Every structure is written in structure tokens, then in C-alpha cells.
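First chain written, first letter: the chains are A, B, C and D, and each begins at residue 1.
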Amino acid sequence: MPTSAEITAFLEKEFPQTKCMVESVGEQSALVRHPIGFDELRPGGTVSGPALMAVADVGLYVAILGEIGMKPFVATTNLNINFLRMPTAEKDIMGDCKLIKVGRTLIVGEASLYSDGNPTKPVAHIVGTYYVDWEAKPNE
Amino acid sequence: MPTSAEITAFLEKEFPQTKCMVESVGEQSALVRHPIGFDELRPGGTVSGPALMAVADVGLYVAILGEIGMKPFVATTNLNINFLRMPTAEKDIMGDCKLIKVGRTLIVGEASLYSDGNPTKPVAHIVGTYYVDWEAKPNE
Amino acid sequence: MPTSAEITAFLEKEFPQTKCMVESVGEQSALVRHPIGFDELRPGGTVSGPALMAVADVGLYVAILGEIGMKPFVATTNLNINFLRMPTAEKDIMGDCKLIKVGRTLIVGEASLYSDGNPTKPVAHIVGTYYVDWEAKPNE
Amino acid sequence: MPTSAEITAFLEKEFPQTKCMVESVGEQSALVRHPIGFDELRPGGTVSGPALMAVADVGLYVAILGEIGMKPFVATTNLNINFLRMPTAEKDIMGDCKLIKVGRTLIVGEASLYSDGNPTKPVAHIVGTYYVDWEAKPNE
């Protein structure tokens, strides 16, 4: 299985748009970090919903890569996000992601997002479903 | 109720981060457009999930502003997104948004997203719930 | 493709637990009806959430059978339900179901539920994803 | 706060339709059990989706009653359910429910459902949002 450093290198090459950083990759899990700047803000000085969703989506993707390796094609099919608290704009958003079910075709995971240093007060909770196409060629 | 131009001015002032443009605002509905560039892409030359979510979230917000006016505080509480087809990176993403239920506290709406010119082949479907805090001060 | 009567016969044989009745089957769509009795009630004299969900789930299943035929194995993978209004216990619940995307492996549909006679005041909105296993044997 | 026995008595009186039994009530959490019989089955000899949803919905309701007491009016506004594995019809379904966020108006919780004795192989995962109307009269 790929290491955290290999997944980071893969993300930087394949997905340069994301500012999301891999903190750690564990067994069917990942912890990611996203800095907050102007692009991530919305009215009221808080973090925008799509920015939060991006953290969860990348974090679950990282957990999947850590579990099944970096070759197959993986696409998000469903995301359900509940916004729980207004995150501060002053702290990075952390995404604590774990896989609930790794099936042959569908993988389901959940993510708890929180402002760095405050893991017991999650700002959002996400459940996502990913489709794995084992016959697709890798993105090169 | 505010006009489409007033909502556009409000968005530009309050939410300069979004590239989403208001095409029209109707009865409990809105049509928005989002250009696609480097920032919205993801591996495979398609539009990223969070970029799609942002179109739906802004579009539903616009439909709500058109319905209840621009004063109250409105926050997304839940979004559920199903990704249906890979959108092309060559076309703007359009968001056709309508409100399903306008309650005293909670408003529920749905959005169908498609690549410009191809409304019968939606790329994503979103249902969102918004909380209206009527006692909050407007964002100024 | 199967007729409405054939789908009704299939449901009665395979799924005798459901009280849901097929009203009509159209192109990628179905209308179903569910009577409301003691079993479907919950505190407050309204219809329980699971009873509503069952109407949507059977209705979307019927729409899928009408589209792809009755042979393949179809399983629900995700359901998202928003409860919009308290339904009366005095009227049947109707489920107006349509498919949004019919893919090779995944089918996504939505359902609008309402108390009979009041289609413009939906009581719940559901989006469901179904997995089709084309290689499975039919339930016999 | 109410005891497990008080919540059981409340459920039996107010909600005689449910077969769901309270196993325990903890801090912002509950464990419930649902026997499986003819009514809960669906084609293929497995447990129906609505039956699973009912376990989660009652379990989260029990966790909420344990947290805020039995007086206020509580209504489900959103449920998102992912079906993970086919449950056996031979075992009770257990619902391990915990609250993620207890707000003034909205409460969000999640439930992991499994066949009795097999908690590490969940059959479904549910996230639900509940609206609390503090001014409503209790159901008497």
C-alpha cells in the first residue's frame, strides 16, 4: 500500500488545485489539513460550505488511495454534508476521515471536520460514496 | 422582493469569492451560471465535486433571497449531492434551482446542474436545507 | 418492457409485505399509492418517517423495473429523505417517482410524496441510488 | 434526565407501532434492538430498507429524549441512509446511535446498524437531523 508521502506526491502531481495536505494515512483512514484564506471564506467571516466539502472529499479520497492503492479510477457518487457549527476563519480545517465499508465496487466513508485544535467541536460531518472502476486506466 | 440585478449586486459585495453569476430569478427559483477554469478542474479533465456543489449552494441561496428578501441570515444546514455524469471542462456549469418547501425556519430546495446547452443530461443533482434566522442582523 | 399489471403481479409475489400499489408506470417514472392505517402512524396522528420512506423506495423500484425489466437484481444503496410537512393520517400517501440517471451500474431517482389530492404540498422528498447487478439471478 | 425505563414506558405508550426496544441510554447516545420477522423482510430473505431506517430513527429519537428530556416536540427533518451489507433475517438488528451536535433548534446524530453479535460489520449507516420545537406541548 502507498505511504503518506507517495499519496502526497500523487496529489501534488494529479490534483494541483487542492490546498489540502495529508497529515497521516492509517488503516482505512486519513487525516488531512486545509489552510483557510480569502478563497475559502464566505459572508460572516466563516469558511464556505464548498471549501469544507472539498476537505472531506480529498480526505476520503486519500483514505481510499491508502486502502486500495493508487491505480484504480475512483469517482465520488454521493456526498451528504451536515453543517454543525460555524468554523472560525483563523484556524486550519482538519478532516478526520475513515472508511465505513470497502466493497468491490462502492466504498463508503465518513469525515468529521473541525478547526485545528478543537476536535470535539466538529464543524461539519460528511458521508461519501465512491465508485471504483477497476478496469479504468490510471490517470497519468 | 429583490430583482435579479439587486441580488447580483448583493452577491458581488458580500460574496466576492464566488464566480457564480445570476442568470435569472423566478418564483421560488433561480438559474445561475459558473465559468470553468483551472481552479474548478480535477484529475481527468472534469469539474471537481466541490465546484459543482458551490454552484448549487449559491443558486439555492439566490432562489431563497429572491423569495424572502436579502435581510435575514441564511445558513446551509444540509446538502446532499449525487454526481450523475462527468461534466466537460469546456462548458459553463448551469444550476437550475427551485425551492421545494419554504418554512418558517427551514427552507428546502433542489438543484439540477448541467453543462451549458445540455439541460437534459444533468451532471449532478443536489438537495439542500437552509436555516433562516429571522432575528439576525444583515451582513453589512 | 413490463406493463404496470406485470409489475403489480411481480410485487405481490415477491414482496407481499408491502401495501404499496402501482397506480401507473411511465417512461422512467411511476406513481404509487399507499393506504394509511395503524401501522403507519406515529405520535401526533401523522404518518411515520419509515412508512414514507417505504413508499418512495417501492415507487423508485417500480420505476426501475419499468425501465430495465424485472430480471436483474436491484438493491438500494443510498436514500436521502427530507420531511417537508406533516401528512394527514386520513389520506393515502402518493409517491410520484422519476429516474434522474439510468447508468450501467447505478440508477438515481427522486420521489415527491403527497397526501392524495394535494400534489402541490409535498410531505417528503426523497433521492435514492440503486445498484444493479446484471449478473445476479432473478429472485424466483 | 429520563432513565432508560422511563423512555421505554414513554415509547410503549406514545408509539405502540414500533417493535424497537431500548437496550441502553448513555450520554448523547442509545443502543436499540429490533426483532426481525415477516414484516421486516424483503425479496432475497434480507431486511427491508424502511425497517432499517425505522431502527435508526427510533434509536436517535431515544438518544435525543435521553439528552433533552421527554417534553419537547421532536420531528425528523432529514435522514440519509447508506446500505452497506445485506443483513441476515436470522438476527435482531441493533442500532448504535450517538448525537453529533445538540443545538438549540437542530440536533444531528448518526447510527450504525448491525446484526446482533456482529458490530464490526455494519449493515447500514444513517445520519439524521431533528427539529426541536421547545414551545410545543408534550404529546399526552
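Simple rule for what comes next: a residue touches a chain if its C-beta (ideal position, glycine included) is under 8 Å from a C-beta of that chain, and two chains touch if they have at least 3 such contacts.
None of the values given here were measured: they were computed from a predicted structure.
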Type of subunit A:subunit D copy interface by residue overlap (half), same or different: same
Pair sharing more residue contacts (C-beta pairs) when A-B is set against A-C: A-B
Centre distance in Å when subunit A and subunit B are each reduced to the mean of their C-alpha atoms: 22
Rounded Å distance between subunit A and subunit D, as computed from the means of their C-alpha atoms: 28
Whole-Å gap separating subunit A and subunit C, where each centre is the average of the chain's CA atoms: 33
Where subunit D touches two or more other chains at once, by residue number: 77-78, 80, 82, 129
Parts of subunit B lying in touch with subunit C, wherever the complex brings them together: 80, 82, 84-85, 100-101, 103, 108, 110, 122, 125, 127, 129
Residues of subunit C touching subunit A in the complex: 77-78, 80, 105-106, 129, 131
Residues of subunit B that touch subunit A when the two form their complex: 14-15, 17, 38-44, 48-51, 53-54, 57, 73, 75-83, 86, 139
